[in-house]
Each structure stands twice: as C-alpha cells, then as structure tokens.
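The block underneath contains the structure these notes are about, expressed in structure tokens.
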Amino acid sequence: MNGFACKNPAWVQANDFSFSGLHNPGNTGNPFGSAITPVTVAQIPGLNTLGISMVRIDYAPWGIVAPHYHPRATEIITVIEGSLEVGFVTSNPDNRLISKTLQKGDVFVFPVGLLHFQRNVGHMNAVTISALSSQNPGVSTIANVIFGSKPDISTNILAKAFQVDKNIVQQIQRKF
Amino acid sequence: MNGFACKNPAWVQANDFSFSGLHNPGNTGNPFGSAITPVTVAQIPGLNTLGISMVRIDYAPWGIVAPHYHPRATEIITVIEGSLEVGFVTSNPDNRLISKTLQKGDVFVFPVGLLHFQRNVGHMNAVTISALSSQNPGVSTIANVIFGSKPDISTNILAKAFQVDKNIVQQIQRKF
Amino acid sequence: MNGFACKNPAWVQANDFSFSGLHNPGNTGNPFGSAITPVTVAQIPGLNTLGISMVRIDYAPWGIVAPHYHPRATEIITVIEGSLEVGFVTSNPDNRLISKTLQKGDVFVFPVGLLHFQRNVGHMNAVTISALSSQNPGVSTIANVIFGSKPDISTNILAKAFQVDKNIVQQIQRKF
Amino acid sequence: MNGFACKNPAWVQANDFSFSGLHNPGNTGNPFGSAITPVTVAQIPGLNTLGISMVRIDYAPWGIVAPHYHPRATEIITVIEGSLEVGFVTSNPDNRLISKTLQKGDVFVFPVGLLHFQRNVGHMNAVTISALSSQNPGVSTIANVIFGSKPDISTNILAKAFQVDKNIVQQIQRKF
Amino acid sequence: MNGFACKNPAWVQANDFSFSGLHNPGNTGNPFGSAITPVTVAQIPGLNTLGISMVRIDYAPWGIVAPHYHPRATEIITVIEGSLEVGFVTSNPDNRLISKTLQKGDVFVFPVGLLHFQRNVGHMNAVTISALSSQNPGVSTIANVIFGSKPDISTNILAKAFQVDKNIVQQIQRKF
Amino acid sequence: MNGFACKNPAWVQANDFSFSGLHNPGNTGNPFGSAITPVTVAQIPGLNTLGISMVRIDYAPWGIVAPHYHPRATEIITVIEGSLEVGFVTSNPDNRLISKTLQKGDVFVFPVGLLHFQRNVGHMNAVTISALSSQNPGVSTIANVIFGSKPDISTNILAKAFQVDKNIVQQIQRKF
C-alpha cells in the first residue's frame, strides 16, 4: 500500500527497478513520423504504487504526436534534440490553445487530462524525454478513439458532433 | 482541507448547500439537440473539497451529447425519461467501444478520463441525471477542443492526425 | 489502481458498467415508510476504484429516512417527485442543524460523515436520486447502531449518554 | 500543499510544532464523568496538512465517553491508567458491536467514521492517549447531534426514527 | 479499499483491532540506550488501509533515538515520563534544526520525511508515546542506512559525501 | 484544487508552463563534482497541484550526488551521457542496498523516501534527467542535515549515533 520497497524486502532486486535502451531512437517510419518508447509499470514492475513513469519520443523532421491526452497523468516534457511546436487546449467553455515553440533544453507541462500535441518544426530529427505523474498514465489518441474504435462509433453521432457529411466521417473511419 | 462544514461553522447556511431548478427542461434548440444543466461548485459553494457534483441533460428526439471526456471525474448516469445509446472508448492500444442502449431506469458508468457520448434513440425527449466524482470535473468536448480552440490548432497537424486533406480540416474548423 | 478500464481491457464488457431498474418504486411498506435502492460497487463491479455510486429513495407520504451518516462519502441529492424536509447537523461543538424544505428539482448536499435525514412533507409519494462520493460509501443509521447493534451496547452506557432511565433504553432496544 | 516545513522555512520555529500540558488530568466533574484534551491543528499550527492529531481523555470511576464518531479520522487508543470497556459498531446492515475490555497498556482501533464509545470499568480514574488520522478529525457525539442540535430536529422525525413516543423524545431533548 | 470494517464484516473480531503490552518498558540495554515497541499493521491487522499506527519508546538516562526519518509518515510524540531533547532538520537548502527540550506532558511534531532524533536529558528513564500517520510508516535510521547497509555503500562515495578520510569511513562501517 | 488550468483560465499563458535551459551543463566545480538544475514549482508556477517535476544533473568524471532522499517523491532517472553507479537502501530492519551500474539509456527508480546516491564511474562527464512525483519534492542530503544543520545537532547525539569519537564528529561538522 505505502511504497513497494517495504512489501517484499527480501525478494526485491535491482532489475525490478531498471530498464535499458532509452537512448535508442525509435522507428519513425509510420504515418505520423513519430515513435514512442514508454517506461511504465509494464516495463518496470517496481514502479507499482509509486506514481511516476517516463517516455522517450522520436520525431522525423515532418513528424507529429497527434492530439491526445492522458486520463490519469500530468506530463512534463523536455527537448533533448531539435525544435518542436507543442500545445494543450483548456477544457470547456474556453478551449484556449496554450502553445509554444520549444528549443533544445526547454521544458513544458501538459496538465492532467488536457488534450495536447507535439510537432517537429525543425529540419532534423527531434527527441524528447517526458515524465508522467502515474505509473500507468494511459493515453487516448483522439483520432484513434473517435474514428478507430472497435467497433466504430456510429457515423450518425460523429457527423453531428463534427458537423460534417457522413461521407467524410466514413472516409476518415476507413483510414483507422 | 478536511470537509467544508468545519471551516466556518458559524457562517454556513442552508443556501450554501442547495440549488433549485434541476426539474426544468433545458433548451435543446441547438445544433446538438441537447442541453446541459450543471450543479458543480460554481452553483453550490458548499461542494468545495467534497468531491462530487451533479448534472441534468435534456435530449431532443434527434439529440446527442457529442463525444467528450472529463479530465478529473468518473460519471454515473441514469435515464429518467426516454431511451439512449451510450458508450465509452478505452484508451490505447485497444480503443474498444463499450456501449449499450439504455432504457428508463438504467444506470451506466463512464470511467474517469475516458471518451464517451450519449444519443437519443427514442422518438421523444429524453432526460438523464448524472453525478461526477469531483466538485469541478471539467469537460473537454472533442470537436471543440480539436477544431474550435482559440487560436486554432494548425491545419497541418490536424490533417496529419486525422489523415485527411487540409481542405476538410479547414471546412470543419469554420463550423466551430 | 488507476482506473478499472485499464486493468483487464480484453475482458471488460458493457454489463460490467450497467444496472437496470432504478425507475422502479421501492416498497415503502415498513416502519419508516421509505425504500432505498442502492447502485454501488456491489451492483456494478466496474465502479471499483472509481469513487462514485448512486441511490434511489422512495418515500410514502408519511415516510422518513431516519437520521444516518455515510462513513466514507459526501451525498448530493435531487428531488424527482414530491416535497421533502432535509437537514444535516454539524459536528461538535456547534451541532448546528442546517435544514431546508426541498421541492421538485431542488438539489442539496450532505457533507462527508455528517448526520442527516429526509422526511416527506407533501401529501403524495416522493422520489429522490442521490449520488455518493465513494463506490462503497457505507451507511450507519443511528437508531440501529445505537439501539440495535448485535450484541447490544450496555444499557448503562446508553442511559448515561442520553441521560434517560435505563427502562426507556431497554424499551427502545426491544424495538430494534 | 506537500508538507508544512517547506512552506515558510525561514519563519518556522519550534513553538509552531509543540504543545504543553498533556500530562494534566482534565476535569471530569460533568454528567459524563470524562474530560477530553485535544491536540489538533487548533492547538499546533504546524500540524496543518500533516494528517495526524492526538488527544488525552480522563475518566472518573463511573465515567464514559458517550457514543460518537469522527467524520474524518481513524482513532488508535492506548490505556495509560485503569481499565476500560470500549467498542465500535459496524455500519448497516450488520451493525455488529466489536468490543473489548482493555487494561493498562492495551491498544485498540476505531476505524474511520464508525460509532464508538469508552467506559471506565475499574474502581479508579482512568487515562487514555489516542491519535487520530487527521489534523482536524471532527467529532459528532450522537446524543448531541440527535437531541441537542440547534435548532432541534423535529420531534416527529425522531419519534419515528427511534420508534418511541414524542413525549420521550421531548423529554430527552430538554436535557441537551 | 474504503475502510477495513466493511471488507469482511462477518469475520472481523475484536482481536483484529487490538494489541496488549504497551505499558511494558522495553529493554534499553543496547548501544543507543533506547527501546522501540511498535504497534503497526504488523501487530494489528485491522489497521490495514486506516492510515495510523502507534509506538512506545523507552530511554535509559543516557539513551538516544539516533537520527532517523519515516519515509511515509508524520510523527506526533508526547512525553509520558522524563525530559527529552528532540529536534528535526528541514530539507535543503536551509537545513534548519528545529529543536526543543520537552517535559512530561509536552507534545511535538516531526513532519513527514524530515530527519529527527530524541535524547534523554533527565537523570531517570524516560517514556514517550508517538503516533504516525501511516499503518506502515517505515523507518530509516541514518547511521544504519549509510554505514550498515548490506552490501556496503562504497567507501569512495561515503568519503566524498562526508568529506572524511576513507579510513574513518571504514572504521565506522565496521561498527554497523 | 483539481488541476491548475481550470483555476484562472483567462489569465494563464504559455510561460506559466515552461522553462528554458535544461540543455546547459551545470558547474561541477565543487567538492562533490556534480551540479543540479531543478525544474519544480519554483521554476514553473503552472506545476502547482500537478504532482510532478524534473531535474538535470551533471557529473564530473569523479563526481557524486551524495546520499540523500526526497521526503515527498519517488524519482525516476535516465542516463543521457556517461556511466553511473546508482543505488538506494531499503528502510529498517533490512537496510538492503539495491544498486546497479547504469549506461547511457538506462532507467532506474528510487522509491519515495528511500536514501539513494549516484556516482560517475566513467572517464568523462555524465548527464542524467530525472523526474519526481511531486511539484515540490524536497531533498534532504544526509551529510548536510546531519553534520551541517543550523544550529548543529549536539556532538553527543551524533557520536552515539555513529559510534565514533566526538573529535571525529566535530571534525566532520567543521567541513559543513
């Protein structure tokens, strides 16, 4: 309940608290031009109950991390290499976009549950390291949860929600 | 810190803990055909620190509550009148749609931070009462935060995220 | 730990998050003239860890919900039908009664752990829907915990606590 | 937010974290034959946000601490002098009385929000030291909140709740 | 999840919530001249999830409780017999020592995670009772974790950390 | 209370959520051969209530981060450049040292409140990025809180705690 190290003191070893390979670039050869390497309780069992996790993200020169949010965590991000546009949108009714172009060494915060995104605005690969305030933060990528759920959300609802023709909704759904 | 009633015991009165009018139908004459009447800490000051709030929703026969999520709360909903399709989508990587058609008297749960929606599938007005596990749950309606933020998220990012032509993105943005 | 939907994503189904029948009036043919229909983690397994629950209460024209409190939850209540006197009492040393007569559509809050009650003050049946800020709020009805515990609290203690004759204590204990 | 010592490190002094006099017997010359000396955030400002408090209780040979509960804390009690009957009652529907006679050096736990009481069952004064899991635990003494609230809970409700004649209710109310 | 008494109401008994012997002096015949008698979830299973525990400490006339901290709890201490010097040190950068000489009946608070110590400054045995804001507070005695860990922290690190010769480090390590 | 972005939505701007310069090496010209660049709520006001912070550490080839702990946070660390020995010590009674030599790209966890340290074991400068599970984690460096507090902890206590001669204690105290 109160910190993992006290639970099974005789069984714990260093490997329960470590992970290797965060220096390796991920493969950005995908439609979004980005690659995410998470280090959560799924990779480090010793993180259980400790309320924190880490992630490396690689961005091709044209890469983005599509708009998404973490249902259970705030994210703090720092740029290791490159130049990125980042932003988050506040909840209703204001829906203000709070955004900034980050350079190497800049740090930015995405508050818990708010939608955010990153985009490489430089000419070379970019790399970021983030930490999240949960050992199991979850991630909901908007395009996937809206247009790529299994089964689909009904076309009727999405057409009304986005105020577009059903054909356009179906066209997007086919991509996901 | 530990419960409002102990903070200013001499000043508190019944009106700090009450609100009137949740029986009144909201005006569903809008593009979504739904009306939301919240009762949060903004309406009842005495809710501060108490971790709960309530909301009434009215639905025209064709009305929806567009896909949205609450950054800081789980929602439990019950149908007072009518018949509704409801659903939520789990986070990555599964993005499963968990949905059900609810009748009068049915209760359903939307777990914290997960995207969900409601749609009137009957021929008459529908009414629901929900409670949320925060006095200040927040709500992020996807279409608004994505296509209606102030200022706009760049067309470039949204076109990549949804894998559609920039023209379609701009067409949707103009609606919000 | 951090939200049920992430625990067993492949096994979860809509029925884990739903309950039917909250529109059905409960049977108020009992000494208190009220009937309580709870929807907690005992009825909806998917509520586990999500920190919220719901309850319907029916009141005969002369019905009450006897003074009680929830050891682990704040309650927010709304009147669906009828007219009710409600109130809660602040803790020592003030013991102020904060009360109000509620009409249809009124909402009221009972802060966590404080004693409260409801009474039908109309001429017809009344109905309320409440939400509680725990999936397992618990309820301690004062008359039952004081005079109906198994085994009994000693007559000596109760006579001193209520400053009445032991005969009266025993007379009440026999009713519970 | 995260521990008092970090808030105003330059201003804090030892007196913000201390209290004197817990060895002094309280005056048990009252109808209950007990005296309570609390050490909460009201006595030690430095307890703020730290989630703990302490209390000394003295008992005349015939003294009791009348049935009560703490809306926001678990209590752990130890007997410094004397012999006490203590007990707590679980919530509905079981309402089990879990009780024990404690001797000097015994320790007992009253879980958060559950009704409990103490009674001196020895021939001499008794003394206990308790700790509570909140800097502001609150205390609701049942007899006071039920029969001594200001203003009174209506006789009608109490007569029904305790299933006694209104005359008896009024007779008890006059004592508080 | 929400309080032990609700988990297995039919199985719980008084012994799950009690412990005997806190009036017995501990054996202070050790290098530190102190003896610690804990009452945590390891001694009282019913404390699980309830967030509190208790401890008795005996001090020989020359006894100390060596500098230590609790990774998961605030401590509130009261002097039952004797006279003690106590203190805690705030975190970086100030490292202020907040200390006081306590007499019988004095109460003092050690905020969560801050290093603290106690020393008998009277001519007789001293006794204290403390409570901690966790059922499993943990204790890290500095000398033990620094110089007595298994295996040892490397002499090189400790010599640099304490800015002393390696010989002195090794000399201390041999004592633990 | 429930996430900063909702508090003053109209006033918030990107600078409330950002910090620059984490790519700049700190100055390791000090007795420990390390430099710490924190990014907590003191540097980014928007971190308030969000429960996370970040820190960059530089290590000279012979540098260490002396044994310390965070009173209110777990730390997750990743090696950006170089090779480090790291370890933490579990609390009493086991005081096990859980340690590992980390290479570039390795990740390690220091559980909340447990003493830990880092040492450069390569031939070049090393760099790490850590995240901590509090916006205000605090840090207590053992050598400083023990031998460098203002005022000093009495020599008598430290000599007993570390089982060394008072001269050695005073010799160390003079260094801090």
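All chains are identified by letter, namely A, B, C, D, E and F, in their written order; residue positions are counted from 1 within each chain.
FYI, contacts are C-beta pairs under 8 Å (C-beta built on N, C-alpha and C of every residue); 3 or more make two chains touch, one makes a residue touch a chain.
On a predicted model such as this, the values are computed, not experimentally measured, just so you know.
Interface matching across D-E, A-F or C-D places the copy of A-B, with more than half of contact pairs shared by residue number, at C-D. By the residue-number overlap criterion, the interface of chain A with chain F counts as same, with over half of its numbers used by both chains. Here the spacing of chain A and chain C, counted between their Cα centres, is 42 Å. Annotation: 49 Å between the Cα-based centres of chain A and chain D.
Counting partner chains per residue, chain A has residues 3, 6, 71-72, 91, 94, 96, 111-114, 138 touching two or more of them. By the touch criterion stated above, chain D contacts chain E in their complex at residues 3-6, 9-10, 12-14, 17-24, 39, 44, 46-47, 50-54, 74-76, 78-80, 88, 90-91, 94, 96, 98-100, 102-109, 111-114, 129, 131-133. Chain F meets chain E in the complex at residues 31-33, 64, 66-72, 85, 87, 89, 91-92, 94-97, 111-115, 117, 119, 138-154, 156-158, 160-164, 168, 171-172, 175-176.
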